[in-house]
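Next up: some structures, all given as structure tokens.
In the two complexes below, chain A is the common chain; its partner is chain B in one and chain C in the other.
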Partner chain A sequence: MTAAELLNWARGPGLQISLVVFVLGMTYRVLQNYFIGRKASLAEARGSQWGPGIETVWRRSLFHPGMTGKGYFTLIAGYTFHIGFLVTLFFLAQHIELFKSLLGFGWPALAEGLIELLAVLSIAALVAVLVDRLVDPVRRKISDFQDYFTWVLTVAPLITGYMLVNGMAMRYTEMLALHILSFEALLVAAPFTKLSHMVTIFIARWYNGAIAGYKGVQS
Partner chain B sequence: MAKNETLGEVMRRQGISRRGFLKFCTATASMMAMPPGMVPAIAAALEKARRPSVIWLSFQECTGCTESLTRSHSPTVENLIFNAISLDYHHTLQAASGTAAEEAREHAMKENDGKYLLVVDGSIPTRDGGVYSTIAGMTNLQILEETAKGAAAIIAVGTCAAFGGIPKAKPNPTGAVAVSDIITDKPIINVSGCPPIPTVITGVLANFLTFGTIPDLDKYGRPLAFFGDTIHDRCYRRRFYDQGLFAETFDDEGARKGWCLYKLGCKGPTTYNACATTKWNQGTSFPIQSGHGCFGCSEPDFWDAGGFYKPLPAATIDVGGAAGVAIAAGAAAGAAFGLYERNRRKKAQSSHEPLTVDDLD
Partner chain C sequence: MTASIDRGIKALVEQIDAPVATFFTTCVHCGMCADACLFFTETRDPKYTPIYKLFPMRKVWRMEYTFWGKLLGKLGLLKGPTDEELAEWEPLVYDSCTLCGRCSMVCPVGNDITYMIRKMREGMVASGHAPRGLKDAMKRAIEIGSPMAVTPQTFQTVVRKAEEELGFALPMDVEGADYLMTLSSAEIAQFEEIIPAVARIFRETDLSWTLSSTGFESTNTGIQIGSSDLAKHLLERVVHTAERLKVKYVISPECGHAYTALRWEGPNLIGRPYPFKVIHIVELLDELRAQGRLKTEGFDEDRLTFHDPCQMVRRGGVVEQPRNLLNMFAKDFVEMEEHGINNWCCGGGGGVSANERADEVRIKVFSKKKSQLDGLGVSKIVTACSNCRNMLEDGLEHNNMDMEVVGLTELLAEHLVETKDKPAASGEQS
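Let's turn to the complex of A and B:
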């Protein structure tokens, strides 16, 4: 297969397959959990569920008073990575063209220089948390294959994207095919790994807040 | 035409001055990215070069490559090259026809066995025994295999001969393949493009005439001197791409200001060719300069790359329908399995019998 054929596949059938798996898998996961349902609480409700649920979604994003140094590191590295990743994904002009072809509409892009900077910081944050995972004895002990595998899946689109934009290592056609395939791999693996948090995190936070709210306490 | 004439003798006979000849050698050296010091060596070599026999085979093609090469209105590099070779067989340009033409080909093959240059344009159909393109009762496949045996080298001119081109586009009804898919034991130079830039064809021939060797090739067998850089890397509109200034439609303000055509489907980043530097029609212009994005005509499978006006990042097939089905299927499966699990847990709970001390014995 030539690089051109691989690129054509990635832009066509590859994209279709990965999007179908991602959408099907995520929908399945969310709805299965919903239909399994919760045990009915026989106690009398002491507070509402929805309000505290939404509040918890917001509160879990904040820095907590009494956080330790480790906590600060995780939160700062986490935000650096997530913001960089999401801004790169949604505000690079080339990516907006992809969304335009999928959704029928686009939005204004940000300057490529800014996005390159955020992408580099994002990669740096990912490397930092990986090093921490390997060096911290507790984290190392509880880490399994999935933790490392999802790290590779997450960093691959960022690194291949940076290399593509800067003409590094390979010819553009090969690099672009690799970049698209790396993101498609991420999409395919997402519903089956902890990467599904991209959809479930807000549901999970709401759920925790709702239980506590029902009991009349703050989560 | 006396085949024993040297190129120098041919040119003097045609009234081409020494000055004109040296200008041609300088242009050749510069095109091949050679230093100016090479010019005397090129001049000396070409002066003494005997006109090699060239057999041009036209298969499943549109004749665009020949048109590209012969569209010249003034003494140009292309003209000079055509004077330097002995074109013994060419469907469009030869005077003979019928059996006389085929005899001319066979005669040239026999007389110059092992030394003639074989130029091929057009793809080779292979389905159903290759009957979709035949000449004088022979399939293209048979002609190619027979003629390639005694060739010194093969130049596959045009994307059809180099990679299969438009006949190979889905669903490829004739089973079209490239020259390199059939012939594997001869040096092949792929001069791709739809059509290739004329100067590129003549540059390759000039290299062969001067040095008797094939030029450095990339991984697709294309001369690096012309196919070493992408259009994107040499495009005069690159600074607009870098600044994020794109034309959104073909007649908006951005298009009129000459901004980057990436969003209108330009395949410049993935296309290797000399269009942005050498340009067309003796350096007049090239597609991007004329306001239309590059569609990658020198790359394999460019016809199946999802459409000329879809930008590189865009999806090339419609995923909406499949995604809709995926959501419905995921929802149905999720609901079904969720309810099943819920029932299973309820049943387990209701059928649970408390343990007593006696059960533990």
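Let's turn to the complex of A and C:
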């Protein structure tokens, strides 16, 4: 297979396959968890579940009282990475073109310089959390292979994209194919790894808020 | 695989419900829960990271519900928890977790880690991995009726003593009374002054109430050890008594886990809603205050603070009521920097206090409460849980801190406005 053929496969069947795996896989993961079931509490409720559940979905995005320096580091690094990643994914002109071809519509792009800055910050944040995972006794204790594997899957599209945009690639076609394939690998892996938190985080937060809300207490 | 580990794994599988599976699916191993756990903050030992305490249960979840877990399991590359592993985890799950719920408050992805630890204990008990101290307490609760070996005769003696002090007989097994007052083992065995305190308050507020000679204690070691079957057995003593006496309310005492057992887990343990309501004593007193039936006089001049019992406040939802009551008579009430739902545990909840093996680490992590109290300048700590009260007294003594620890209800009773020659309340025997 030539580089051009590989790129064509990545842009065509590869993208379709990865999107189907991502959507079906995530749907399966969510439904599988849901259908394990949850017994309704027979204790008389003091509060409610839905409202507090939704509040907790929002509240866990905020800094909380009594947070330590390590907590601030984790959240700030987390925000920096996620914002950089998502802005790059959804607001780079070339990506919007791809979305337009898939969805039939697009949206205004952000300046390439801004996106580049955010992407670099995102990579830096990912490096920082990796170092923390390797050095900090707590992070090291609770980490396993998947934590490092998903780190590689996450940083790969950012690095290949940065190299592509800045002409750092030896050969453009190969690098573009690699960039697309790296993102497709992320999509395919997401439902089967902890990357599925991109969807289940909202459900987990809701459960937490709902459990507390039922007792009439904020969580 | 031994029969006991088989039972343990089976119990763990049964405990995995939709929230647990979602929590494990969502965990990104960020470790932020560590900074919310006093066992980690005070020892800096990473093994006390709350989510780490769940690793054997996570293994069971992976093998049952994940693609990789199932695949690796089939290939023999991933094995379920072993007896040795659960034995290693026993101190993490019991000695260094008070089920305080603070980790569940800070997890950025929303995992209710305490909810999971409570469930993991079911698997630990089923596999025979529970601390001896808690097992012994459980045995006493089943055989004698109380984890602190309080017998019905002891209870009757304490009641008689209270009656002598009060000068009137207390209502006992009164059918049709509105409220059934229950007590914790520690209240009967150590803090018996609670009985005259509530009797005076209820008499003054014309409450129709009763004690019971059969369902007098609501401490529930089954909840702490993590055995729903045993918890149900203990709970049914109170439930059957309440149903026999046809009361409208059962009053939970100043005891955190009794409240959790009675109020939140109880109906689920017995598999049906109660025909009565459960109310925490502090909740009831605050209702009486709001109705204008509970009046106090004079002020407590001491600078004091309130220690929030985790199960009553963070995990129970009774947050503002103790503060409303304190503000009736406390002249110099100051809050700890982190209080209410953000308060730090006393270190002895969730069965830790009944587990002698945990004494050393429990005393060590009291440094968190000490640091909360240092600089506050208080001479008195008020709380509403007899177990917290014991743990606070123990911790203060070990740290040579000169502070008095008192129960909220008793302190309130000291300021109660009492009518002279008040006629006996409904349910009381004059």
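Rule of thumb we're sticking to: the second predicted complex is superposed on the first by the 218 of 219 C-alpha atoms of A that agree within 3 Å, B and C clash if a C-alpha of one lies under 4 Å from a C-alpha of the other, contacts with A are read in each partner's own complex, and residues count from 1 in each chain.
Just so it is clear, contacts are C-beta pairs under 8 Å (C-beta built on N, C-alpha and C of every residue); 3 or more make two chains touch, one makes a residue touch a chain.
As the structure is a computational prediction, the values presented were derived from the model and not from experiment.
When the two complexes are overlaid on chain A, chain B and chain C sit side by side with no clash. Of the two partner chains placed around the shared chain by superposition, chain C is the only one that A:R140 touches, whereas chain B remains out of contact. In the superposed three-chain model, the partner touching more residues of chain A is C, compared with the other of chain B and chain C. By the touch criterion defined above, A:S48 reaches neither chain B nor chain C. Contacts of A:V57 after superposition on the shared chain: chain C is touched, whereas chain B is not. Applying the stated contact rule after C-alpha superposition, one finds that A:K194 touches chain C and leaves chain B untouched. In the overlay built on the shared chain, the residue A:A204 is in contact with chain C alone; chain B does not reach it.
Once chain A of one complex is fitted onto chain A of the other, the partner contacts of A:R29 extend to both chain B and chain C. In the superposed model, A:G37 makes contact with both chain B and chain C.
In the overlay built on the shared chain, the residue A:Y172 is in contact with chain B alone; chain C does not reach it.
Closest CA pair between chain B and chain C after superposition: 6 Å apart. Chain A residues 29, 32-37 lie at the interface with chain B in one structure and with chain C in the other. Here chain B touches chain A in the complex through residues 220, 230, 232-233, 242, 244, 246, 262-263, 269-270, 272, 299-302, 304-306, 310-317, 319-320, 322-323, 325-327, 329-331, 333-335, 337-339, 341-342, 345, going by the rule given at the top. Considering their complex, residues 29, 32-39, 41-44, 46-47, 56-57, 60-61, 64-68, 70-71, 74-75, 78, 133, 136-144, 146-147, 192-194, 196-197, 200-201, 203-209, 211-212, 215-219 of chain A touch chain C.
Here chain A touches chain B in the complex through residues 2, 4-5, 7-8, 11-13, 15-16, 19-21, 23-37, 93-95, 97-98, 100-102, 109, 111-112, 167, 171-173, 176, going by the rule given at the top. Residues 16-19, 21-23, 25-32, 34-35, 40, 44, 46-47, 49, 51-52, 65-68, 104-112, 115, 263-268, 271-274, 277-278, 313-317, 319, 337-338, 341-342 of chain C touch chain A in their complex.
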